[in-house]
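Presented below are the structures under discussion, each in the form of structure tokens.
Across the two complexes that follow, chain A remains constant while its partner is chain B and subsequently chain C.
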Partner chain A sequence: MSSAQIEIQLIASLVAVACAIPGVFLVLRKMALISDAISHSILPGLVIGFFITHDLNSPLLILMGALSGILTVVLVEYIQKTKLVKEDTAIGLVFPALFSIGVLLIAKNANDVHLDVDAVLLGELAFAPFDRLLINDVDLGPKSVWVIGTILLITLSLLIAFFKELKVSTFDTGLATALGFSPIVLHYGLMSVASVTTVGAFDAVGAILVVALMIAPAATAYLLTNDLKKMLILSIIFGVFSAISGYWVAHWLDASISGSMTTMLGLVFLVVYLFAPNKGLISVVYRNKQQQKEVQLLTFLLHLNNHKEESERHINHLNEHINWHKVKAKSVVELAEKNNMIVIDNQIISLTEKGKVFTEKAIDYIITNDDSKIESMKKDFFLFRG
Partner chain B sequence: MKKIITLIVILLAVGCGKKEKKENGKLNVVTTTTMITDLVKNIGGDKIEVKGLMGSGVDPHLYKASEGDVSKLFNADVVIYNGLHLEGKLEEVFEKMEHQNKKTIVVSDVIDKNNLISSELFASNYDPHIWFDINNWIKITNYVSEKLGKMDVKNAAFYKEKAKVYLDELTALNNEITIEISELPEEKRILVTAHDAFNYFGRQHKFNVVGLQGLSTATEAGVQDVQKLAKFIIENKVKAIFVETSVPKRTIEALEAAVKSKGQEVVIGGTLYSDALGNAGTEEGTYVGMYKANVHTIVDALK
Partner chain C sequence: METKYAVTVDDLTVAYNYKPVLWDIDLSIPEGVLMAIVGPNGAGKSTLIKSILGIINPIAGSVSVYGKPYDKQRKLVAYVPQKGSVDWDFPTTALDVVMMGTYGSLGWIKRPGSTQKKAALEALEKVGMLPFKGRQISQLSGGQQQRIFLARALVQNASIYFMDEPFQGVDATTEIAIINILKELRKAGKTVVVVHHDLQTVPEYFDWVTFLNVKKIATGPVKEIFNDDNLTKTYGINYKVSVQQ
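And then the complex of A and B:
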């Protein structure tokens, strides 16, 4: 590994952590799209910065970019407060407007200057290790490490200082106001952090990767936990893992680094989406199947309970009576037997004591539709869960 | 959190420890555009290991780096680039490379500022497509071979010799092109293209160059631009307009449709190489071949 390669992974990991923290709050507040919005709406800021300085390399351009990022947030908040439109609509209204103002300004006043976002922000991880910070000709390492490191440090200290406030205001705005924290101040604070992080990270890694690093790790972590602290830690782990593994995929394919990292983020999300223990696709399908079986079992037991006559309870005629396939009928009978709800005597099925109690309780529930009845049932009659 | 910080510290520690470079005895040169890659190959021959960052047909504005470019730059002794913001933010990165024991050559440095075409509104911003004036390219060839000679003294004579051969080729090209263009009467020398890449070409060969789109790729041609240009084409009886390899055809096709809707015939005269050469290995994959191909296309279509 050359030092440039290590530095790229270091920068990517720092960006991943710096993006994951505001990303978690954005995802929880259903404002994930704001990072994409900011990465577009910085253009008018850059253009105005250029009109002031006439210099594409001036840091003022980046500062103006961050300011127009914050302006996006303010406008989104303002439109959303009217309650006429929802958050995502407000975001969708604001950033194309700001971006197009930038395009119009270029078309009107600077058509013969090569001015666009790429001309001001580097946005390419492959070159980040060569963009050094030099003070008095002393090489202090890649500039991005310092920029992102500073942003990360500020984000972390704000997170630690205001963790409780952020938590309450994210989940319960009313309570936050009642407790005396201003949700609006926290909201703007959070959004400003997101804006500065987006612009800083944009310079280091490019627009798409910034958006992906803010949203994908947080969305992935949300599938696994509802605990805010765990969600933050998991997002950071997913972000850093995707960044480093993505780098090696790029190395192996000789492809775009940020493209590979974004792909890894998508893959990690896919894997978790499929296999997450509670919210994952496979576990949801499995749970639905179980519930279906429980309902079938109940139907079967009710049938037995309703018919005292033996002909209705003969094992070979079961499928006719309840209109089930043989396989399905067999699996339900097996389940009931395993749970000691029935006994099969000479091919005639009868309910056991336990089966009777269960069925009565179930009828009770169906008649009264009282949730408290079914609650205790689940505990008493474990079925699959036992 | 702590684990990650530890990981970063370890990565940093490892990072500071290692600094090695591949050595093959040759000068490792990294170039940006295909034009410069071709130039350095001609001067350096087998004494220089040239690695170009941008491939054929790649618009420098739209160039995306791959992971391999990191090693190319890391192992480079010399970086040669166009300058004048053609490479955008990358130039700022290259400027700092001097501190990492890499030398840089900016080919546009040798062209006198008064000779550059500047932006009307922002005087310090220049049109970067300097290679389309052959006289510029001749100056650049001299400059690059001289600089390379200083950096690699033992091969200086070799570079000078190779450069001389190449300069003869360029002079021959210049003569050939001048004769070919002289077939075209001056009032027919109107070059309509997608973006403003051919201003230097126009100045050298007395063409009136009109670009539909500005220099920036963020903006697109407006409806008014298309209408204005269509009117211009009709008034001046322009026979053909041109597409470029590295710019989408769409805008030029819109222009064609606009002119035709007003009842005048205009054809798309062919594809010009603007910001990149053709595929490596073909005739158009070299500067000389590219220039000839462009002039053939232009003269044939406008005759």
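And then the complex of A and C:
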């Protein structure tokens, strides 16, 4: 690996981590679309900042970009408050307008600089190592590393300091207000972090990948955990993994780095969506099938439990009275027999002791939703895993 | 002896888009009562609670809690929002939600520690939810979620409790469990204010009642003012047949 390659991967990973953190909260606050809006509408701010400083690396650009990001949020909320349109419509109104102002500004005044629309949308990570930070002729590495590194450091400190405030205001705005944690301050704090991160990251990876890096890792992590801290950690892992593997895919295909990274983010989500242990598609389909079978089994056992008379417990009775299709009836009987819950004697089915205990515990659980007595059954039966 | 008031509301007016939702409300809530706020849909019951707690800004009027503005007295007040106001798919556990009740006493930045955890576990025990402490909150039934919210308020160890429809969508067992806890709170000298929908249970559960329909219709002891006259004034239809005293 050349040092430029290492630097590109380092920048990509820093960007991924910096995006994943605000991304988790955006996803949980159902504000994923806002990141898309911010990523586009920072453009006029950047262009105006560039006109003022004539320096693409000035911190003023980041500030102006972030300000126009926050302006987007303010405008969206203002339009939404008029109740004339819903939030998604308000977002769709605001950011294309701001973005196109940026496009016009570039076309009229800045045609000959690196700030062109392609670079804004897709970024150019491959060039990032060429732009070095030099102090007294000492090479301190690519500027992007310092910019995004600083942003990440600020984001991390804010996250650690205000984790509990962010959590409570994301989960329950009303309670957060009543307890004295101003949700508005937290909301705009989060929007500012998202805006600054977007500006800091967009030069390296472009507006489209910034959105992907914010939303996809969080959405993927959401499928895997029920714990906010773990969700943050998993998002970071998915983001960094997609960034680095995306870089190598681009290298191998000789294609766009940001395009490959975004593809990897999509692939990681797809894999997790299919295979996640609880919320994954395959597991959901399998569980539904199993639960269906278990409910049938329980219905059957309950029937046996309720009827002492032999006529009700004859093997052919299942089809006649419970009105189950023959095949299903057969599979339920087989399942019950396999689990030693019933014995069949001369075509008459009786519950075993185990079957009786199982039926009673199951009914008790379904009525009370108290799972302390059924711990041992959770392993074998989906029905009892909540 | 002069009555001590836990909460006093003066000339409170709240409007959404210039349409008044609450109009010139004067209300004094005596210390130690278990009070129901009743009124038809859209009467402003939740809005009243939210305005008292500073969640909604009124266009006029003032609220005081034990003689001082609410934001100076936050620690004396606990709040149970409507169950439907939060996303129960949020990645967190029952215990963690109850711990949120302790955040107010911690203030900004400081984190909950073992003292807060112990208090949360005790509150879970009180509402009979200790076995579910590690459960993801979406895996709880509606009644259990309501109990978690109640535990979160209990852990605040407040003097005044505001509850927005705590009996909505809960089964009979949970309803009885909740009302028993509320009665215990009153016994301990706390003031409890509940937005309530089921008129049949008002005389049985509460000792104080406020009738509300944009304006305040009446407030006072259930025994004295919970009658057909006030019900009719509040709901606009004759209640003689539907409510048995």
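The definition used in the following text is that the second predicted complex is superposed on the first by the 261 of 386 C-alpha atoms of A that agree within 3 Å, B and C clash if a C-alpha of one lies under 4 Å from a C-alpha of the other, contacts with A are read in each partner's own complex, and residues count from 1 in each chain.
Going forward, contacts are C-beta pairs under 8 Å (C-beta built on N, C-alpha and C of every residue); 3 or more make two chains touch, one makes a residue touch a chain.
As the structure is a prediction and not an experimental result, all values here were calculated from the model.
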Report for A:D172: first if it touches chain B alone, second if chain C alone, otherwise both or neither.
-> second
With both structures superposed, pick whichever of chain B and chain C touches the larger number of chain A residues.
-> B
Once the structures are superposed on A, label A:I257 by its partner contacts, choosing first (chain B), second (chain C), both or neither.
-> first
Of the partners chain B and chain C, which touch A:V240 in the superposed model: first, second, both, neither?
-> first
Touched partner set for A:A4, first chain B, second chain C, both or neither | first
Once the structures are superposed on A, label A:V103 by its partner contacts, choosing first (chain B), second (chain C), both or neither.
-> first
Counting only touches as set out at the top, which of chain B and chain C does A:F162 meet: first, second, both, neither?
-> second
Using the touch definition from the top, say if A:F130 reaches chain B (first), chain C (second), both or neither.
-> first
Touching chain B in one complex and chain C in the other: list those residues of chain A.
-> none
Which of the residues in chain B end up touching chain A in this complex?
-> 1, 4, 7-8, 11-12, 14-16, 18-20, 61, 64-71, 73-74, 85-86, 88-90, 92-94, 96-97, 99-100, 119-122, 124-125, 127-128, 196, 214-219, 222
Where on chain A does chain C make contact in their complex?
-> 28, 30, 83, 161-165, 167-168, 170-172, 174-175, 177-181, 222, 225-228, 230-231, 369-372, 386
So, in the complex, the side of chain C touching chain A is made of residues 17, 50, 53-55, 71, 74, 77, 79, 81, 85-87, 90-93, 97, 100, 103-104, 106-109, 111-112, 131-132, 135-136, 139-141, 144, 152
Interface residues, chain A side, partner chain B - complex | 1-10, 13-14, 17, 43, 54-57, 102-103, 106-107, 109-127, 129-132, 134, 137, 139, 233, 236-237, 240, 247, 250-251, 253-257, 259-260
